[in-house]
Structure formats: structure tokens, C-alpha cells
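The structure under discussion appears below in the form of C-alpha cells.
A, B, C, D, E and F are the chain letters, set down in written order, and residue numbers restart from 1 in every chain.
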Amino acid sequence: MSAADTAFVMVCAALVLVMTPGLAIFYGGLTRSKNVLSTMMHSFFLMGLASVLWVIYAYSLSFGTDVEGLIGGLNYFMANGVGAQPLEGQSIPQSAHLTFQMMFVIITPALISGAFAERMKFSSFTIFMIVWITFVYAPVCHWIWGGGWLQRLGCLDFAGGLVVHLNCGIAALVAALVVGKRHGYGTRPFIPNNLTLTLLGMGLLWFGWFGFNAGSELAADAVAVNAFLVTHVSAATGCLTWLIAEWMLRGKPTSLGLASGAIAGLGSITPACGFVGVGSALIIGGVAGVICYLAVLAKDRLGYDDSLDVFGIHGVGGIWGTIATGLFASKLINSAGGNGLFFGDPGQLKAQLIGVFAILVYSSVATVVILYVVKAIMGLRVSPDEEDAGVDTAVHGEVGYSL
Amino acid sequence: MKKVEVIIRPFKLDDVKEALTSLGVQGMTVTEVKGFGRQKGHKEIYRGAEYLVDLVPKIKIEMVVTDDLVDQVVERTIAAARTGNIGDGKIFVSAEERAIRIRTGETDLDAL
Amino acid sequence: MKKVEVIIRPFKLDDVKEALTSLGVQGMTVTEVKGFGRQKGHKEIYRGAEYLVDLVPKIKIEMVVTDDLVDQVVERTIAAARTGNIGDGKIFVSAEERAIRIRTGETDLDAL
Amino acid sequence: MKKVEVIIRPFKLDDVKEALTSLGVQGMTVTEVKGFGRQKGHKEIYRGAEYLVDLVPKIKIEMVVTDDLVDQVVERTIAAARTGNIGDGKIFVSAEERAIRIRTGETDLDAL
Amino acid sequence: MSAADTAFVMVCAALVLVMTPGLAIFYGGLTRSKNVLSTMMHSFFLMGLASVLWVIYAYSLSFGTDVEGLIGGLNYFMANGVGAQPLEGQSIPQSAHLTFQMMFVIITPALISGAFAERMKFSSFTIFMIVWITFVYAPVCHWIWGGGWLQRLGCLDFAGGLVVHLNCGIAALVAALVVGKRHGYGTRPFIPNNLTLTLLGMGLLWFGWFGFNAGSELAADAVAVNAFLVTHVSAATGCLTWLIAEWMLRGKPTSLGLASGAIAGLGSITPACGFVGVGSALIIGGVAGVICYLAVLAKDRLGYDDSLDVFGIHGVGGIWGTIATGLFASKLINSAGGNGLFFGDPGQLKAQLIGVFAILVYSSVATVVILYVVKAIMGLRVSPDEEDAGVDTAVHGEVGYSL
Amino acid sequence: MSAADTAFVMVCAALVLVMTPGLAIFYGGLTRSKNVLSTMMHSFFLMGLASVLWVIYAYSLSFGTDVEGLIGGLNYFMANGVGAQPLEGQSIPQSAHLTFQMMFVIITPALISGAFAERMKFSSFTIFMIVWITFVYAPVCHWIWGGGWLQRLGCLDFAGGLVVHLNCGIAALVAALVVGKRHGYGTRPFIPNNLTLTLLGMGLLWFGWFGFNAGSELAADAVAVNAFLVTHVSAATGCLTWLIAEWMLRGKPTSLGLASGAIAGLGSITPACGFVGVGSALIIGGVAGVICYLAVLAKDRLGYDDSLDVFGIHGVGGIWGTIATGLFASKLINSAGGNGLFFGDPGQLKAQLIGVFAILVYSSVATVVILYVVKAIMGLRVSPDEEDAGVDTAVHGEVGYSL
């Protein structure tokens, strides 16, 4: 066991944890003020709910003894036997592995919640999330990181382009379609209630993302440093290119565009960060800022109400980043990784495309099934009156601001 | 000249504004207010404390119009702001004696 | 007694307040409002969505004054609030029947 | 019908509201305003800069009532809002010509 | 000296430091907007005041050469001799120990300030805090962590259930009673001015608490990882059970309930985190969420104005956590710890109860004496007019928001 | 390579990164609400812009092979060759060094932006910053940290008193003069829109400053711990003395004074933190709180509009801290440092004074030239109408708050 690696992973776990409050305010600031608390609660509530599921059984489903490449066994039920002893090939207590990964199972479903902000029933949200974590997050996590079939196939996902971003992004798209539009969407102005919150949230996300990406190396080595550096570079270029694209197309460089571009850059580099160098990161982030912006513009044409653009940013960013890993990965950066197309191995790109396809299909189908079942049993939306009054007072009995 | 004061549900603002401008109303002043009336409020809970909040958010629109416009303003406002549920709001009309446009000093009808 | 309602640009508040107090106006009530009128609004952009915001921030000042002060109030307000650009605002005058000072119960002119 | 406008200290809102509803006033509209008057403001300091803030937070209550209620409204409001210190506020009364309830189209006394 | 442990403790100290801004906004958001700054200042001001006292003499009183088990000597006056050399049994420079512990002497009195928010005189607050840190915090810290009588007696407090939470909680209860109710308490609605601040504050507290609890091991080892993990688990269950209790009793799951439950879970696991496993943490946090909620409900019955529920959450949580340590502690988790009742040693529970009793008595008596003396000399409250106008403008000459 | 040092430096880099969002809200809260986003964007935008310049060429200009003591060569262009291999005398991958230093090139220009908040044109801001980073930041950084002439001369600057604080402070003063006053400055009240943001921002700055100062040791050793400790102590005394000075001179202890004093203390200890002990830090911070307060008062007399007091706090603090290093530095604290005047070496003070003088002259002259060129080409300010309407809607097409 290495004390340095252990210290590093603990701190990185804390950094990933703080992304969820960061996300809560990032999302919270974007809704109308009558829904700011309900939006924030989605994220905060998952800090409770997902964590409890994780230590009880979801960690085991994800990382327990592999069953046919599809799912983990229940050998780690209730964190049984997860203690000071490192997993094979690791230099940190397994309890640190469980802890670090726990932060991912919080933020992934929290990201989805942006799709149905301002109208989802809290009870239905709770049930949906329990089922989604169990039947979507855990298996997908197992496939890619827990020794499942995609991992064996050589699909690379350093820190969660598939497990986290594409997974949440496509689930969000499905959820936006099934839950339906907000009342007044497209006809009335929906002005963010507090962009200072959103910008600060972006800052916390960027900060925490270092733990997310560099921490995924599970060791304080040069690969971790590289991941840290390229994460930053991609975020930086993402925010610049989104801003420039917007400035050219719409005439105004907005702070929300800046923030959105940073998240696009961060999401896109996530699968790649342990495998690509600085030059590639400049490209990955730069492309991310533009294509995610275009995806967001497309939404307004297509007319579905993915309220906080989860698919446009995380879905599209996750796809792009996973493919980019298949293009730009280099064994010079990480000998334990692979070579992408541009470094001589077209096979890596193929593995990445299979990964993208698999998650797109599985996560969308599973999410649609779950949502329709929940809808049939208990409905998904608050009543129209509650929606007009605002979810905060109607469901939670609170108001965000009394300034 | 009359002053028409309209109190409506916040989410009806755009509809009412549109209805009025299409009538030829060229200016109005909008205030965020809280209304107390028949519409019941909601319960708020902060830890142990529970409050009945009976002031509900409303929008007040004030506009000064020529006498002959008043009836139409009232009619169109009702059409645009009505949901049929308690709390749709009120329209009040009162006399206005003078109006002046600061920019030009024009008065009364010219100032509207 | 008259009630004078003045709608001005927010950054003119201090100038107008000063002009009025130097006239002897002893009290006024100020509200943050949004105005719709000839002044065009601005465009706001939030990711894909683009809105034309035609409600612009204004300040409303209400004061009840004696009849003989009205003309001067109007004049000075115009002087202080004018920029000459569209959106300078309006002054409205209407009749006020009674005024009472809560602290003392004084009425009408004594209450101002 | 009369319109009664009441300007009070913010923390008196609940007391006044209670006093008025017990009188039978069924509706009112409340606005957060700032008042300028005899009550002196406070000093604010931000690093090197020092400002005298002479606009103090007040609450404005507007209600349209039948003529016969006015005297009682005034009386009760004074009783509820008075502290005896400068800044207790004012009550203004003016004529209101028409009132309409948007929900039903009822007019005047029926609309209140 | 271990560089890994040193790095870990430094970062943990930074994490604990950020809890105080977190607390400032947690508290600040809960008051009326006219008092938001004065409430925040209580916390921020202690970042200055308590730190200076600490390096001058309070560290020495707490950790200097033991005098009769009651107090430390003045041998570390002005941080004299506190340098690169580790303390016995530690692997970090003693200056890191002083630094890490300094963050605790900031947040403990800052927690108290929630009891008398919106009415305390700033000058009296200052004097009260100087005296309280000297005569309450320092001795209590010495008793339990500095080699004092409670430590010798075997009372376990891994990260501050007694020193921090019970200590501040009971002092807060006393302060609420002595300072008296806010004008209008119980008759007028006191609506939080900005729950988005409060929720973000909770997020920062949770984040920083990892440093608080795991850092208290002063080494990046498996015990620290365990502390980290169970801290998170207890926070998670605390927020769930408070929310559920509230949902059942009052019909609404509130975001403030969620946040409060998380803090209850965090406070309760604090003394136990280095000694108990995941299963126990699920119970500790789960019980904490319910009993702290009930304590808060009870306050409204009893009618004292502990404005931000410091006793209900930290006091009750601290008692519960300290007792729970006597129930659930296990040498399998930490061989340097003890076995609780459920692991075979009723003696541990006894030691814990003595600890609870000692701090309850000492801290309450000392706090009441200090407050009455300060009251006699200079009064404790702002004038009624200042209270109505708001402490922010009246005392500090500022307003929180000019949006 | 040391994993512990690497972990430490990565985490410190993350801490320094989070200072920029902290600064964004610190500054954002101080402006009028119609400019809150444009003010925050200045900082956030630099997270993108400066980072990209840094990895492409500015790191190389700063730390590439020395050219005549004046500038670095282009050997690290595009981070070429910057990888796992540590630089001489360091125990971390060079990529970690590049990453850590990247955070400094973000925050230094971001600090300047407070001088011209609420009126600067965004396009001109962008151009100004590109040129300033290239022609001011990079050479100054090289002189002092990259092996340039000031470093050879023995001028000590542990973490950026000259490179960051004095450099940004004097540039800010120049910028305030060249850009000119805000419309209404001195005649209308300019009330901060949201001091809760500002206070939270101060908290994040303080938190991140640990990474800034302790991380500058690039190793998790006793010098780093000392830097950490004295940083905190100086911040603490700074906030106390500013508050007391203000209380005595103006009758009110303000929360903004508290926050400003903390920043003054932090800025002042920055050059000294690796070389001075706790006692000296008490003095450095205490003096900083008073002189920066007086500098801020003087501004209001002199009548220039350095809107957020960048010179008064960072400029004056940077000068004081750099001189204080020449007074209080001690080889007992850091054998790799020097002895200040009070520890027997007047030569150190001389070196410090040369450093102060050099940066004052170079940065002010270069900044004035750049600004006049940009002004001639494209102007520096938004139009008067845009300024009255607010930069947020006029330039960025957004509003900060819609509560």
C-alpha cells in the first residue's frame, strides 16, 4: 500500500464529492427561481440516496466477482470484506476504491436530473433513480470498469466518458422526451434565476473534475499528472471555442456560453485524459466547445425540452470524447492504454465505437422502460397547478429566496 | 385620461402585454407585487417552524390610456388573463388628470 | 392635494430626489418597476434560446403634494430626469382626497 | 369606491393585514418600496466610500374598498401600524371609478 | 517524517478551513436578509480571532505539557519550538499538527454563533469568544486530545464529537437562553433569506468534513480511509432519514431538512469515524437524522430561540455520536481504539458517558458564567431599534444584497 | 520522483485553480448588479485564455532556457518535452510544474480586471490580456522564478509577491488611470450587489491560497507546512487589523473590511511565506491590514477609480510583503532562503528593493504602452449608453439575477 497514493485518492474523492454541490448550483441557477430548490435537491438528495445504495449493493454489482461479463456478484454486499487490503494491481485500500467510485454513482444520475428540471415529481424521481442506478449505472460501470465485456474488448474509458457522460446524456434525452416539455416552453421566456450561482457551480465542477480525472489513475504518478493537465487544457479550449462560436453566430459572448463550453471540454476529455497529450487535448476541447454548442442549438430546432441541455453537453461530449480516445490515444502517454487511429491502431477506434453504440442502446432502452413503468404506477410530473406555482412551494414547502 | 391598474398572475404577463399592445396601448409600467385575497396561499416549512403564506406573487400593470380605450382594455385584459380559477386578479380604473412625457414635455394625450 | 407619479431611468433617481427635496417636497415613495414603451429593450441569449426583453428597468416615484406645488414638481423633475433619449419616462398627476400621517393622526396638508 | 394606499414599516405588515381582514377587507395588494421622508436613513460604508442611504425599506398596501369602510380602515391601520416614532408612514385615499374581477367579470362592489 | 502523511494533513487542514466559509453561508442563508452579513461575519471573524489566539497561547493551553490532567502548560507560547520535529507517535511536523488543530478552534465557536444570530452585539460577541476559547475550548480540548483526564480515562473522540459538537451545542443552548429570543420570535414568520446559500454551505461542510474526520488520523492510512468512508455514509443516511421523518410528519420533504440531516449525520459520526465500520455508520447516521429532527421539533415546543438549531443538531448529534462510539467501536476497524458495548466492552460505553456528562456540565456552567459577566459589563444584545432595522446596517453599516 | 510531492502539488494546483472562481465572485459581488456577470467573466474567461497561451508558448517564455536573464527560450513550445521527467532539483514530473504554474498565469491578470470593472470592452479586454501575459507576465515570471536576472541577484519571492501581486497591482493602477472613471463615480452611490458572494469568494481565496503558498515549495516538507501556517496567520491578523482600523476611524466594523484585510494579509505574506516564522507573520499580516486600508482610503482622496482596489490591496500588499521578506526572512525557517535585515543581512533587503523597483517600473511602463495601443486601435470602454444600461445586457446579452 502506498500512503501517497492513498492520500491522493482520498483527496480526489473529496474533490469529486464537491462536484455534486457544484452541479446543484450550476443547475439551480439556470431554472426559474420558483424551482431553484427542487432542482438543487435532485443533486443533493442523490448524495444521500445513491451513496446508501452503493455501499449496500451497487458497488458489489459494479465491482463484485464478474458474472458472464455482464454484472458483478454480491460478494461485496454491505461493503463486506472491503477494507485495508488493496485490490489486485492497486496500491490503495479497497475501501478507498469503493469510496472514490461512490462519488461517481452520485453525480451521474444527478446530471440526468437537468433534463426534467422544473416539473418532475419528487417521489417519482426517487423511485426512478433507485431503479436506474441498479439497472443502468451498475451494469454499465461493470462492463467498462468492473471487468465486464467492454473492458475485455479493450474499450478505453479513463474516467467516465461512457460510464458517466454518455450514460447520463442519453438517459437525459430519453427522460426529456418521456416526461415532456415544461408548460410554456418555447412560448414564454425562461430566464435563468441566478447566473452567478451557475458560474460558481462551473468553477466548482472544474475544480472537482481534477479529482474525477486525475484521481481515476488511483495513484499519484505521471499519468495522473497528465490527466490533470489535459483536463484543464480541454476545459480551457472548450470555453474559448463555445464563446467564439456564439459570438460569431449570435453576436454576443455570454457567460453561460463560457461555462457551458468549459463543461463540454471537461466532459469530452474525461474518457481520454489518461491516454492523450496536450496537443490532442487542445483539439478535443476545442471541437467539444463547437459541437456541443451546435447540439444545443439543434435542440431548439427539434423542440424537445432537455431543460438544462444534458444530452447536448454530456451526451454529445461523451460520444465525442470516447471517439477521440480512439483517435488520439497514445502509448507514449500511458503504456497501459492503447494507440488511437492517429497513432496507428484503427482497432482502438473500433472498440470505442462499439462502446458508444452499446451504451447508447442499452441506456436509452433501459431508461425508457423504467420511466414508462414509473409513469404507469405513479406518474412523472407534478400537476399543472403545481408546475405554475413552482415545485419549490408546491412540493417542498419552501422558497429559495426571500431577499 | 384614465389610469387602468391590472393585477394578474405572473405567468400571464406576456399574454396580457401582447393583448394590450395589439390594442394600441403604447406604454405601461409593470411591478412585482404580492396579493392577498380569496386565493389561498401555501404552507412553508423551515425545520420546526410552519407558516401559512397567504401573500401570493402577482404582477401589477399600470397604464394611462385615453378614455375611449378603457372598455377595450378591460375586455382584452380579461380575455388574456383569465384562467377561471380563484386568483385571476382585478382591474381598477381611476381618473388621471395630467400626463407629461419627460423627454419632450408633451402633455396629456400626446404624452401617452 | 395631488398625487404625482414619476417614472424615470434608474440612474436618475438621485438627481430627481435632490431636485424635489430642494423644492420642499418632504416625502416620497420609490418603487423599482419595469417599463414598456417606445424605448426598445435588449436581446438576451441563454444557450440556444434568444429573447427580446422589452421591459426595461425604471424607477417609479410617488409623492403626494399640495396643488400649488405640482407645476414646479413637474418642471424640476423634467429638468433633472431628462436625457433627451427615448425612455426618459413620464409624469402623471391625479387627485388625492385624503392623507393621514400614521404616527400622529394628522391629516391632509399636515400629513405631507 | 375608494382606493386606500398605506405605507408602513415592513415588520408591521402582519399586524396591519390582520387588522384589515378582521374588518372585512377581502383583498389587498402589497409592494416592497423604499421611502424617503423625515425618518433619517443610515450610513453605509464600503471600503473607502461612505454613503448616507436616505431611502428606507417600507411596505405599501393598496386596497380598493367601499366608501363606508374607509374611515374604519384608516382607524384600524393607524392602530396596528403605529409605533410613535418617525417613519411610521402614511395613508392616502383617492377615488376609484371602476373595479372588475377578471375571473368572473363582476364589477365594482361585487368585484372587491 | 512522512511526506505523504504531511501532504495529507496539510490538505485536510485546508479542507477544515473551508468548512468555516461553508458554515458562514449555511448560517447566513437561514437568517432574514437584514442580518445575513452579521451572521456570516461571526464565522469569518473567528477565522481571524481564534487563529491568533491559537498560535499565541491557546494551542499551548491545549497541547502543552500536561498540568494535572486539566490544562496544557505555556511551553508552546507563540508557537515556540513548534517546527519540523514531529510529536511523539506522529509522522508529520508538529507545525502541521498545530495548523490542523487550529482549524478546529475556528469552527467550534463559529458553530455556537448560530444560537444568537440576528441580535448579538458584535463587541460582546468578540469578548465572549476570546474568553470562551480560553476557558472552555482549550481545557476541553486538552482533556480529550491533549493528554488530559478524559483521554487517560479512555474516552474516545476521534475527531471532535465532544470537543467540537457537544461542546458548541451545549454552549449554544445556554447562549440562546441567556441572550433571549429574537423580537417577534414565534409570532412573525422568519423566512430564510437564501436557501441556495444554505444548501451550498452544506455542500462545502460535507466536503470539508472529510478533512476534519479523516485528517484526524494524521496519516494517510487505512484508518483514515475508513473514517472518510463512514463519514460519507453517515451524512448520506442522516439526510435520508431526516427527510423521510419530515415527509411523514409534515407532508413535505424540504431541502432544508435534507441539509440539516446531512449535518446531523456528519456531526454524529465525528467521534466515531475512526472506530466504526460501514454498517454501524448506516445506523449512526440514520438515527442521527431522526433524533436531531425530533430535537428541533421539541425546541419549537419548549420555546427557547436557539435560532439556527445548534443544540438540536450539534448538541444532540454530539451526544448521540459519543454514545454510539461506546456502542459500535471495534478494534477490528482500529486497533488503537476500543471495543464498544456491542463488540464486548461495556467499559467503553461508561467512559463515553462520563465524557458526555463532563462536557455537558463544564461547558454549560462555564458558558453561563462568561455570558453573565459579559452581559453585566457591556450587554449582549443590540438595541431593539437596531434589531428591527437589522444588525447589518445598524452595526456593520452594510447591506447584503442590492440586486 | 516522489509520489507524495506529486500528489501534493497536483492538489495544490487544484486549490490555486479554485481561487479564480473565488476571485470571480469576490469581485462580482462588489459591482452593481447590472455588471456582475461581465465582472465575473473577466476571471472565468482567463481560465480559458491564459491556460491556452500558457501551454502553447507562455510557459516556455517563462521557464524555457534562459536568454540573457531576460526571457525563456521557446524550447517548451507546445509543452514539448514537458513530461514525467522532473526538472533539476525537483521531485515532481515537469508536467506538474507546468500545471501548477499555469494556475498563476490565470489569476494574475484576473486580479487586474478589478481595476476596470463595469466599463471595459470585452474585445479590448481580450486583446489586452493576450499581450499583457506575453510581454509582462512571462518576462517578469522568468526574471524571478525562471532563472532570470532578479533570481540571480538573490531577490526572494516564494509564491508571487512580485510576480503576482505587485505585478497585477501596479498594472491595475495604470489601467484604472488609462481607462478612466466609471460614469457617476464619486457622485452616485455604488453599492455592492451581493456581499454574500464577496465573502464566500474571500473564503475560497483563503482556502486556495494554501495551495498557492505551500504548493510553491513543490514538496510536502516542513517548509511547505511553515508556508501554510504563516499564510493562515497573516490572513488572520490582516483581517483583524483592517477591521479594528476601520472600527476606530469610521465607527463600523464591516464585513467587507474583514474580507479585504484577509486578502491584504494573504497577498503580503505571499513572497515571504517560505522564509519567515509565525511571529513575523503576525507582524506582516497585522501591518498589511492597516496599510492596505490606508491605501484604499487614500484612493478616495486621490480620486482615481481603481474600482475594486487592486492596487490598494495587491499592489501595496505586494510591496510590503516583498520588503518584509527582506526584513524577516530567516535561514532557520528555510535554509535555502536568506536572512533578512533583522536576521543580520541587509543585502537581502537591498535585493528585495531592487525587485520591487524593477517590477514597478517595468510593469507600469509596459502596461501603459499596451493599453494606449489597444485604445488607439479599438478603444477600451463600452459606450456611455452601454455603461448606463450595464455591461451584462449590453455586451453579453444576459442578466445576473432574475429572482
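In this text, a contact is a pair of C-beta atoms (placed from the backbone, for glycine too) under 8 Å apart; a residue touches a chain by one contact, two chains touch by 3 or more.
From a predicted model like this one, the values you see are computed outputs, not experimental measurements.
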Reaching chain E from chain C through chains that touch each other, fewest steps: 2
Between chain F and chain D, distance of the C-alpha-averaged centres to the nearest whole Å: 50
Where chain A and chain F are represented by their mean Cα positions, the distance between them in whole Å: 33
Where chain C and chain F are represented by their mean Cα positions, the distance between them in whole Å: 44
For chain B, residues that touch 2 or more chains besides their own: 31, 43-46, 53, 94-95
Two or more partner chains touched - positions in chain E: 2-4, 7, 11, 189, 191-192, 194, 250, 252, 254, 256, 397-401, 403
Chain pairs in mutual contact under the definition given at the outset: A-B, A-C, A-E, A-F, B-C, B-D, B-E, C-D, C-F, D-E, D-F, E-F
Of all residues in chain E, those that touch chain D in their complex: 184, 187-189, 388-389, 393-394, 397-399
Contact set on chain A toward chain F in their complex: 2-5, 7-8, 11, 15, 32-33, 191-196, 199-200, 202-204, 206-207, 210-211, 214, 219-222, 224-226, 228-229, 232-233, 235-240, 243, 250-256, 258-259, 261-262, 277-279, 282, 400-401, 403
Chain C residues touching chain B - in the complex, by the definition given at the top: 2, 7-8, 31-38, 55, 58, 60, 74, 77-78, 81-95
For the chain D and chain B complex, residues of the former touching the latter: 3, 17, 21, 26-31, 64, 94-103, 105, 111
Interfacial residue positions of chain B with respect to chain A in the complex: 9, 11, 14, 42-46, 53
